[in-house]
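In the two complexes below, chain A is the common chain; its partner is chain B in one and chain C in the other.
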Partner chain A sequence: MAEVDITSKTMDGMGPHGTKVGLLRVLGPAHVWALGVGIVLVGEYMGWNFAVGKGGAYAALIACWFAGILYTCVAMIDSEVTSTVAAAGGQYTQAKHIVGPLMAFNVGLYLVFAYTMLEAANAITAGYLFSVVATMSGYEGTLDQRPFIILVIMFLAWLNYRGVLATLTFNLVITAIAFVAILVLFVSTSGLVGAGIMQHAALMEGAASLPYGWIGVLAAMHFGLWYYLGIEGTTQAAEEVRSPARALPFGTLAGIMTLLIAATLTWYICSGVLPWEFLGDGVNGSVAPLFDTARLSGSNGLIWLLGFGTLFATLASANGCINDASRAWFAMGRDKYLPGWFGAVHPKYRTPYRAIIFLVPIALIFALGAPLDQVITFSILSGLLEYTFMPLNIIMFRKKWPLNTIKRGYEHPFHPLPAIVLLSLCGITFFAVFLGYGTQLVAMIGFYIVVSLWFHFWRYRFVNRGAQFTMPWPKPQGY
Partner chain B sequence: METWNYIEYAAWGLSALFGLYMVIDWFKIDTTYSEDVLTSSREGELEAMTEQHKV
Partner chain C sequence: MAHYSPPTQSKVSQLIDVVVLVALTVGALFVPLWLGMAGSSKSVAAPVENPTWETLGQNATQAAQYEALGYTPASAHDLILARFDYSFTTGALLLMVAVIVLYYVLMLRFSEIEYREVISEKFGEK
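And then the complex of A and B:
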């Protein structure tokens, strides 16, 4: 089998195990980067600043860096496992192979909910951005945001339906523009080129430094996740990259480095210009802090650049979320964790078309009918549950298949330190979320317990157990 | 009617077009190909073809 040419257009995606139509292997590391960073970068443009409201600007910076450590662990662990379990579904597939069916079912749902909620939140934001543009262009009426919210979801679903290469090339272009916009804003306002407008010392002195003390720092961790939430989405491209062992670690690790830079620069730029009371109020104060900073710079060029940056970041995030949610839903359908009907691949476009279409009305219902903060909270909580699973996953992976038993595309260093750090930071963040959104946290855990019972007592009998473990791995140690 | 009202209508129209495209294509594909072909995808293809997991 080793002589099979995987780049062949007639053979690509049509391999053993009876596959006649499979997902198309056309992506490279840049697409993986665009998928991960594309989903997240909107968090730099808006959302992270709620952390400032929780504990002031310094608290947001501490949360930024602690969340950065959390996500660096996530990226390293993901890179190792996914470069080995290179299949659609990402963490769902990892859980299926390494932990067991019930964990896999839960992780699959975390993924679909996290990405679909985030997609809905992005569509709501895009609708709001169109209304801002209308007001700025002199429109005096009240713009109906609904057609723009629906258009964003329908256009991006259509793009995803038509093929993964165009979808993620589109993401690559708009994500790169949005990232460059942050760099340009930093260079233009920090004093590196021309006169700077930064006022850190004046804005952060006295009580403004840590207005709510250290408990504020803890509370800020909840929204600190927003700087990076979604980078783990790179794993969903595993079945569509040309070389998983190379592209997934490369794209994911380059992605987290990009985000660490973007997050720190964003904090520096915005906290140096906007007072923390205004910056931290993401509803009535600074909805889009980078854009507000550009407006204060007085440069029309920067206002336009950051305006487009905000819109592009929003679209890139929604686009990546559709890609990821549909792959997770598709993978669960393929294994009969959900009805097998969802495991279909489009014979021409080679995309999981039924999963893409099925998730459209769900995203629309949340985008049109649910408040933004609730949608975002549900997304964050689902993501947090997923991160809590990862340390357990990597510890079991290393134990069952030690380094000398199977080939890995990437081996993350200092094991088990990253797993322990990740688990500890997840615990801290759960407490931070409990402080602000305890009811939602309890309600959501209750929801996952109920669906777990449903899976255990009813759905599991339909799971395709024979086709579940298709990787040609040796038996795990101890079995 | 202001320009933004026309843009609103255009957004409704485009949304309907994208939705119709997907639904019509979905119907065409489902009636042209058998369920066996459409749901034949299995994971692990590349692994099986290129990786032998020998270290």
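And then the complex of A and C:
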């Protein structure tokens, strides 16, 4: 058994850095669930339907379930490692202690870009929603969505600036409403209560079943990730939860179960009402498929409910993304992987305020300057690189610190099977991205190679060596 | 290992580091868009003149749903007929695999070098 209990409820991850003012430990398991599900649930309200466009409705369902397996592996692996790493930065901090500084720097950037792009996608969707509401209210022009996009990002950044408890409590409430809205739509349209409007057989007959054949199923895996992308963000709260060893695995695993249900229901509802070509085109067709389904239900109550559900889901997601991206940026600044100026905590609100403010214009650049599918692809690519790191991470973690050397809050079963499955599914998804977005894939990896060389040969000189290792773990085996 | 004391970075140097990172980020993500190499675009291989729901391959249910969404056969023409092109060359696939493998090899190798320094300074030599 370990000599030190790394799952201590009182240990403060800030301590080893010598910082006098730390992040505030105020969150419980429900907040962790809200952070994870809140970021991701928007994936059911928009974006997942690009998978339908890539391969048809059946392909999107297969992708939904295989991506569900991928993320179940992510949640299991992440829960074990993070139940021992009670510090901000999530997978960045894991990589720093387990793989090495350069990997950590890359993982930190994956996190920041995945979440910042997701935040931009959310703001775009919110802007679209406002324009639809304006049209439905009788406005006869083309509403300029940009002020709403800017307003959404600025408001949520301000909320994050003011404090994490209020931010995630806000998320808890609006995420719950958005989830209930999906359940209500399912009950109201599926025939469980009253007459149903589902027409799966007629909408998916003939060529509409698998319009691209089996290669379309592979291609759909690209956007299949969008059903769940961001659930791994629960680990970013590690330094702000009261009991990391209990709350993080509980919140993360409850979150992935919630999302598996929500994703399957969403596919069932939308593919039973909307023709696949319209559903699968998230730019010129269905930007917000659950909302569009509600519009075809003929019920004003459902239209309003799903309108608010979509808006709340985008706000909750953008809110969680700002929270997570800023924690990762802050953690890298604190370690001097980035200029140390970013590693400051607000003296009153105890939030990483400089990181929060700095990332606002970055999100705005992409929200105002790139189309939705491209923004989503950028986010997915960063997430995919991160998920490819995770199997390597857990294999090295178990090798360097076997189960009997340090105490885990959670031990994931069947190791190394989840790692192998995860790595295989990541390989398939890389191929799926290559089928439509190969240029972006190569450009993004080229970017990471260049910044890695920049970090290794320039930036790393400003980093303290031994002081980066802040966990009270024993020396890793083999060193 | 002797304790490593990092140099103090000036504010100007910190600012340059941030600018470099942001420029690289925006460049990597926007350059493919600006150069029109972003892929993902769909095209209509065989346009239909004077389209009807039948000539667009839609059955009665599908046509009814499109009409409920406010489409006519003409306005839904491109939406219905546009398709992705999934053809690729073996060379392009091998290039992608090589770039991904090179990236992770580079990452793990440099990380291991840095990690040994960290462990050595934190825990002392073996």
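Operating definition for what follows: the second predicted complex is superposed on the first by the 460 of 479 C-alpha atoms of A that agree within 3 Å, B and C clash if a C-alpha of one lies under 4 Å from a C-alpha of the other, contacts with A are read in each partner's own complex, and residues count from 1 in each chain.
The rule is simple: a contact is a pair of C-beta atoms (placed from the backbone, for glycine too) under 8 Å apart; a residue touches a chain by one contact, two chains touch by 3 or more.
None of the values given here were measured: they were computed from a predicted structure.
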First, second, both or neither for A:196, with chain B first and chain C second: neither
Touched partner set for A:354, first chain B, second chain C, both or neither: first
Partner contacting more residues of chain A (chain B vs chain C): C
Touched partner set for A:25, first chain B, second chain C, both or neither: first
Contacts of A:301 with chain B and chain C, given as first, second, both or neither: neither
Chain B versus chain C as contact partner of A:148, first or second or both or neither: first
Which of chain B and chain C A:437 touches, first, second, both or neither: second
Which superposed partner A:446 touches (first chain B, second chain C, both, neither): second
Contacts of A:341 with chain B and chain C, given as first, second, both or neither: both
Doubly contacted chain A residues - partners chain C and chain B: 340-341
Touching residues on chain C, where the partner in the complex is chain A: 1, 3-4, 6-7, 9, 11, 14-15, 17-18, 20-22, 24-33, 37-40, 42, 57-62, 65-66, 68-69, 71, 76, 78-80, 82-84, 86, 88, 92-93, 95-96, 99-100, 102-104, 106-108, 110-123, 126
Contact set on chain B toward chain A in their complex: 2-5, 8-9, 11-12, 14-15, 18-19, 21-23, 25-26, 29, 33, 35-55
Chain C partner contacts - residues on chain A that touch it in the complex: 53-54, 99-104, 106, 113, 199, 202-203, 205-208, 211-212, 215-216, 219, 273-275, 277-278, 281, 284-285, 292, 295-296, 336, 338-341, 362, 365-366, 369-370, 373-374, 377-378, 388, 392, 430-431, 434-452, 454, 456, 459-466, 468-469, 475-476, 479
Chain B-facing residues of chain A, complex: 1-2, 4, 6, 13-23, 25, 86-89, 93, 134, 137, 139, 141, 143-144, 147-148, 150-151, 154-155, 157-158, 161, 239, 244-245, 331, 334, 340-341, 343-348, 353-354, 356-357, 360, 404-407, 467, 470-474
